[in-house]
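The same chain A turns up in both complexes below, where it pairs with chain B and then with chain C.
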Partner chain A sequence: MTVILNQSFTGISIGAVLLLIALGLTLTFGQMGVINMAHGEFIMTGAYTTYVLQQAVGGAGVPLLLALPLAFLVAGGLGALLEWLLIRRLYTRPLDTLLVTWGVALMLQQLARDLFGAPNVHTTAPDTLTGNVSVAGVVLTTNRLFILGLALACVLGLTLMLRLTPLGRRVRAVVQNRELAEVSGIATGRVDRTAFFIGSGLAGVAGVALTLVGPIGPTMGTNYIVDAFLVVVAGGIGRLRGAVVTAFALGVLQAVLEYSTTTSVAKVVVLVAVVAFLQWRPQGLYTLRTRSLV
Partner chain B sequence: MTTTAPPPAPTPAVATPPPSPSARFRVPGAFLLGAVLLFGVAPLVLSDFRISLLAKYLCYAIVAVGVSLAWGRGGLLVLGQGVFFGLGGYAMAMHLKLADAAAAGETLPDFMLLYGSGDALPWWWRPFANPVFALAATVLLPMAVAALLGYFVFRRRVRGAYFAILSQALAAALSIWLVGQQTTTGGTNGLTDIRGFFGYDLSDPVNQRTVYFVVAGVLLLLMAAARQLFVSRYGELLVAVRDAEERVRFLGYDPAAVKLVAYVVAAGTAGLAGALFVPAVGIISPALIGIVPSIGFVIGAAVGGRASLVGAVLGAVAVAWAQSSLSDAFPAAWTYLQGLLFVVAVGFLPGGLASVVTALRARRTRTAPAPAPTKGETA
Partner chain C sequence: MSGLGISRRGLLAGASALGASAALSACGAKVGSDTSSFSGTKADTSGDTVKVGLLNSLSGTMAISEVTVHNSLLLAVGEVNAAGGVLGRKLEPVSQDGASDWPTFAEKAEALITDDRVVATFGCWTSASRKAVKPVFERHRSLLFYPVQYEGLEQSPYIFYVGATTNQQIVPALDYLRERGLTRLCLVGSDYVFPRTANKIIKAYAKANGMEVLGEEYAPLGSTEFSTIVNKVRNAGPDAVFNTLNGDSNVAFFKEYKSGGLTAGSMPVLSVSIAEEEVKSIGTQYLEGQLTAWNYYQTTPGAANAAFVKAYRAAYGADKPTSDPMEAAYLSVHLWAAMVEKAGSFDAAAVRAASDGVAFDAPEGRVTVDGASQHVYKTARIGKVGADGLIEEVWNSGGPVRPDPFLKDYTWASGLS
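Right after this comes the complex of A and B.
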């Protein structure tokens, strides 16, 4: 019983990481149809922001809390810049966007290598996030709980933003019908840029969280990008609910498989399972029904 | 103020002109020129070392032939060619490792003895001891995998970005699996230190040259075959599927079948390239077939011109050459340049360098009286 509970907690925390890294993509890929391969590098930006802050401020807890908003701004700013420079010219060519942003990702990786060196760097976790909490015989590590809380907070914030704020309303309007939004007086270009800012900023926040569980290095983005895209695709493009369900489902599946086999086999099975799942539901878990042919 | 009327377009379409009689005669000329360069000039002027490097670049060019077919003509962004390249490469390398072991009087390849994976050869290694099986598997195995995957994917109308991400996920899965199975696949190191090639010693420069000639010959044959495919009715149907899939469907064709053929042929080409890569370079490893190299297979074609066969092949050779000559001396500069290539070639020059050539040629001929449109002569 304890084993099952322990493994489900592991699964949920893997799911929380997946959710965090995919959340920004549900906005940029899901809502706007932009395939941003540099998303992983925005995650890396967030992680390096934490590292720089720790070097500059010293200590562990304060920099981490400071890093959350700062990483959001840094990664979001990079994202908005990328949107303004390149992506807005390519909205009609999604496949080309993929390759162009991959080029940007390569350059950002090399930039990180030049600035911080090729080897991984390390941050120290604050004392409050290195301990354990024991609930009903299940050992919960506090850093995993922190990531879970952060992921849920981000989901909540994004949902509220999209549902309640004027900006969210404009984003949804542009997603549903760009031309109609434009003739209604919405500056679609500015909405795109803001949405891209938020989506990329969320990647930065994910990067801060990842400093607690993984290495920080120039190629860390590549490790996460495929997983992030698969979560969005399997969840149903543009469906926040789908991303949440898929992230946790994949996390639990991975944890169960890791327990019974090895990490690499688990990873492969999860990837193949997603590919097979898309055979069954090509549009993902939750679909937005339209009458369009494509 | 904005008008919705289409702009007046008296200029001839430059993207993919219909095959005109002059085009039919021009290509054998280009083909002969390529043959002379590859078989006559290159072996005379290049050192043994450069020749074996060129053989490696030509392997990438072979992949580009398939990429040009699937992506350039079919619009399928194949981001998982590393899977097929790897299947072909590993099939070949497994046979060569077994042959090396047999020549040394061992029953197991050297790395298996090193990692102590037991006395028995894994069952899935055994058939590869047979040269005919291994050679057939280098091409048929990738094609079978592509056919299986493509059948389901295209039938369910998974396309565009979904297809690209799926194929990328498979490349990730295969390389992760190979790394994880160290005792039977060599893990991160891959299959290295391949000494013989069907009885010939690969360390001998003469045999290296022979391998080069084989690679060059395969490339030229595949280019000729692909060119015939491009100008055939099937080639036109493929372009039609790329540009207006729904219309093709309403005309009574099955776009899934059309795309499947392109995908399977591209996979077979990549498998063959992987198989030739092994004797040419002497190694196959997960780092050569994962996500990053899989995207790399596409960039050469993008730079040269994805829809143009010659452009894609030359682009692949040029990018591979630039990579190996720059990445040793200036690794940082090469990465920036590679990133910039993606941005400029794909973002601002989607037709690649080939489109520049076509545009220049069109400008030159425009001074002469415009040729009559050659519609409806596709017999």
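Right after this comes the complex of A and C.
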């Protein structure tokens, strides 16, 4: 029983990581239809922001909390810059966007290598986030609880933003019908940039959280980019709800398979399951009409 | 990939085979006809200087580690020259970049031997690159000095293996655990040839020595999700964990391990791929108190090591750590120089014949060449990661261990090769 509960928590925590890395992408890829291969590098930017802050401020907990908003701004700013420089010229050419952003990803990796050196760097986690709380034999690690909380907070924030704010309304309007939005007086270019800013910023926030569980290096983004796309595609492009359900479903599936078989087998089976699922439901779990895809 | 970043040994055995065969077919036509004229004397020893080849990855994913080895080699060549050279000749180092690509290693080895006409070559890191260049050195009867610990089960007449073989690293590590009563183990490794070979050896040892392997877990190379593996380890409840993970996975594994409440005190992890450089990139917060198995640490006592660390820092920066493969590279140049002096000739056959018993007071202590296996007697050392990120020795084998790449002296290993 303890084993089942332990693995359930593991599954949920894997799901939380997946959700966090995919969340920004649901906005930029899902809502806007931009295949942004540099999404992983925005995650990396967030992680390095944490590192730099810690070097500058010292200590462990304070820089981590400060890093959350700062990484959002830094990664978001980079995203907005990328959108303004390149992507806005390529909205009608999704495949070119893919290649261009991949090139940008490589350049960002090299930039990180030049700035921080090729070897990984490490940050010091606050003591409260390197331990665990044990509930009836179930070990809940605090860093995973933190990531879970952060992921849910981000989902909530993004949902509220899209539902309730004028900006959210404009984003949804542009996604549903660009021309009509434009003739209604919405500056679609500015909406695009803002949405891209938020999506990229969320990747930065994910990067901060990932310093607690994984390596921090120039190529760390490549560890996560495939999983992020997997979640968005299987969840149904453009649906936040789809990403949430899919992330946790894949996390739990991975945890169950991994425990009963091996890590390698679990990875393969999860991929096969997603492919099979998309054969049956190519549009993903939930659907929404988008601008440039489908 | 980066940082830790290194799949140290036999990554991609398939790729190496490919590289080797490509090199064979590329050169076969050119050199096949005049094999008889070789007799190992492509080397040019006519001038006041002789060339030595340094074959390391100066670019690509392996560069992080191999550049440090290259630096150590240059340092040693400089020292040999400062002491008057070898047989009265100064050494001229010729660097070639293997570019982390195994076929490139084979090409560059070919270039060093036939174009630069070097008297000996030092380098390679991954087993894949070593296996790629092996036929090149054998065909030209030229010598390679290989500085990294590896999976054993190999013996080429034209390679000197200066790093540890399994009975100088993994077997002593198991001895150490057994002596401390840590007899119930979990094995965690990356999913490729080195960890699987190592774990085969560990299981055979365990069976014969009353130890118990409770679990064996592999993660794909580069995997960064270890919560399930840590759960499995916790449920199995071993006395210790034997870790053959490589690269970035170590970061994720140790973060998960500590968060999961497993500590060096209650369930130590003994790693064979974590040296001073890796400790820096994982963070001592996660590694303090954990164990490693090597032949050399930056903290190894002795005048030779003090001089080595000082010289390395003076040349490459005060914050640069020195590690086991770097030290092996450094000593390999000095060992070769001593062999040549003893042989009185740069000729590969003469050097090989003279190699047995040649010794050098290396930073790790006295090392002696075993002429029969062309490996080196080395002292095995278990270390503990300290709060300062350096590794302190807690146990050693009491003296140099005779190299036994095929584990012939170990009855329990009879079924392995």
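Following the convention adopted for this analysis, the second predicted complex is superposed on the first by the 288 of 294 C-alpha atoms of A that agree within 3 Å, B and C clash if a C-alpha of one lies under 4 Å from a C-alpha of the other, contacts with A are read in each partner's own complex, and residues count from 1 in each chain.
Just so we're on the same page, a contact is a pair of C-beta atoms (placed from the backbone, for glycine too) under 8 Å apart; a residue touches a chain by one contact, two chains touch by 3 or more.
Just so we're clear, the structure is a prediction, and the values are computed from it rather than from any experiment.
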Touched partner set for A:T141, first chain B, second chain C, both or neither: second
First, second, both or neither for A:L230, with chain B first and chain C second: first
Partner chain(s) touched by A:T262 [first = chain B, second = chain C, both, neither]: both
Which superposed partner A:M107 touches (first chain B, second chain C, both, neither): first
Chain B versus chain C as contact partner of A:G217, first or second or both or neither: second
Contacts of A:F116 with chain B and chain C, given as first, second, both or neither: neither
Touched partner set for A:Y91, first chain B, second chain C, both or neither: neither
First, second, both or neither for A:T130, with chain B first and chain C second: second
Overlap of chain C and chain B interfaces on chain A (superposed complexes): 113, 222, 262-264, 267
Sites on chain C touched by chain A in the complex: 1-5, 63-64, 191, 217-220, 222-225, 227-229, 231-232, 234-235, 248, 251-252, 255-256, 258-261, 277, 280-283, 285-286
Residues of chain B touching chain A in the complex: 75, 77, 79, 149, 152-153, 156-162, 164-166, 168-170, 172-173, 176-177, 179-181, 245-246, 291-292, 295, 298-299, 302, 332, 335-336, 338-343, 346-347, 350
Complex interface listing, chain A residues touching chain C: 3, 6-7, 10, 13-14, 17, 113, 118-125, 129-132, 134, 139, 141-144, 212-220, 222-223, 254-255, 258-259, 262-264, 266-267
Sites on chain A touched by chain B in the complex: 29, 33, 35, 86, 89-90, 93-96, 98-100, 102-107, 109-110, 113-114, 222, 226, 229-230, 233, 262-265, 267-268, 271-272, 274-275, 278-279, 282, 293-294
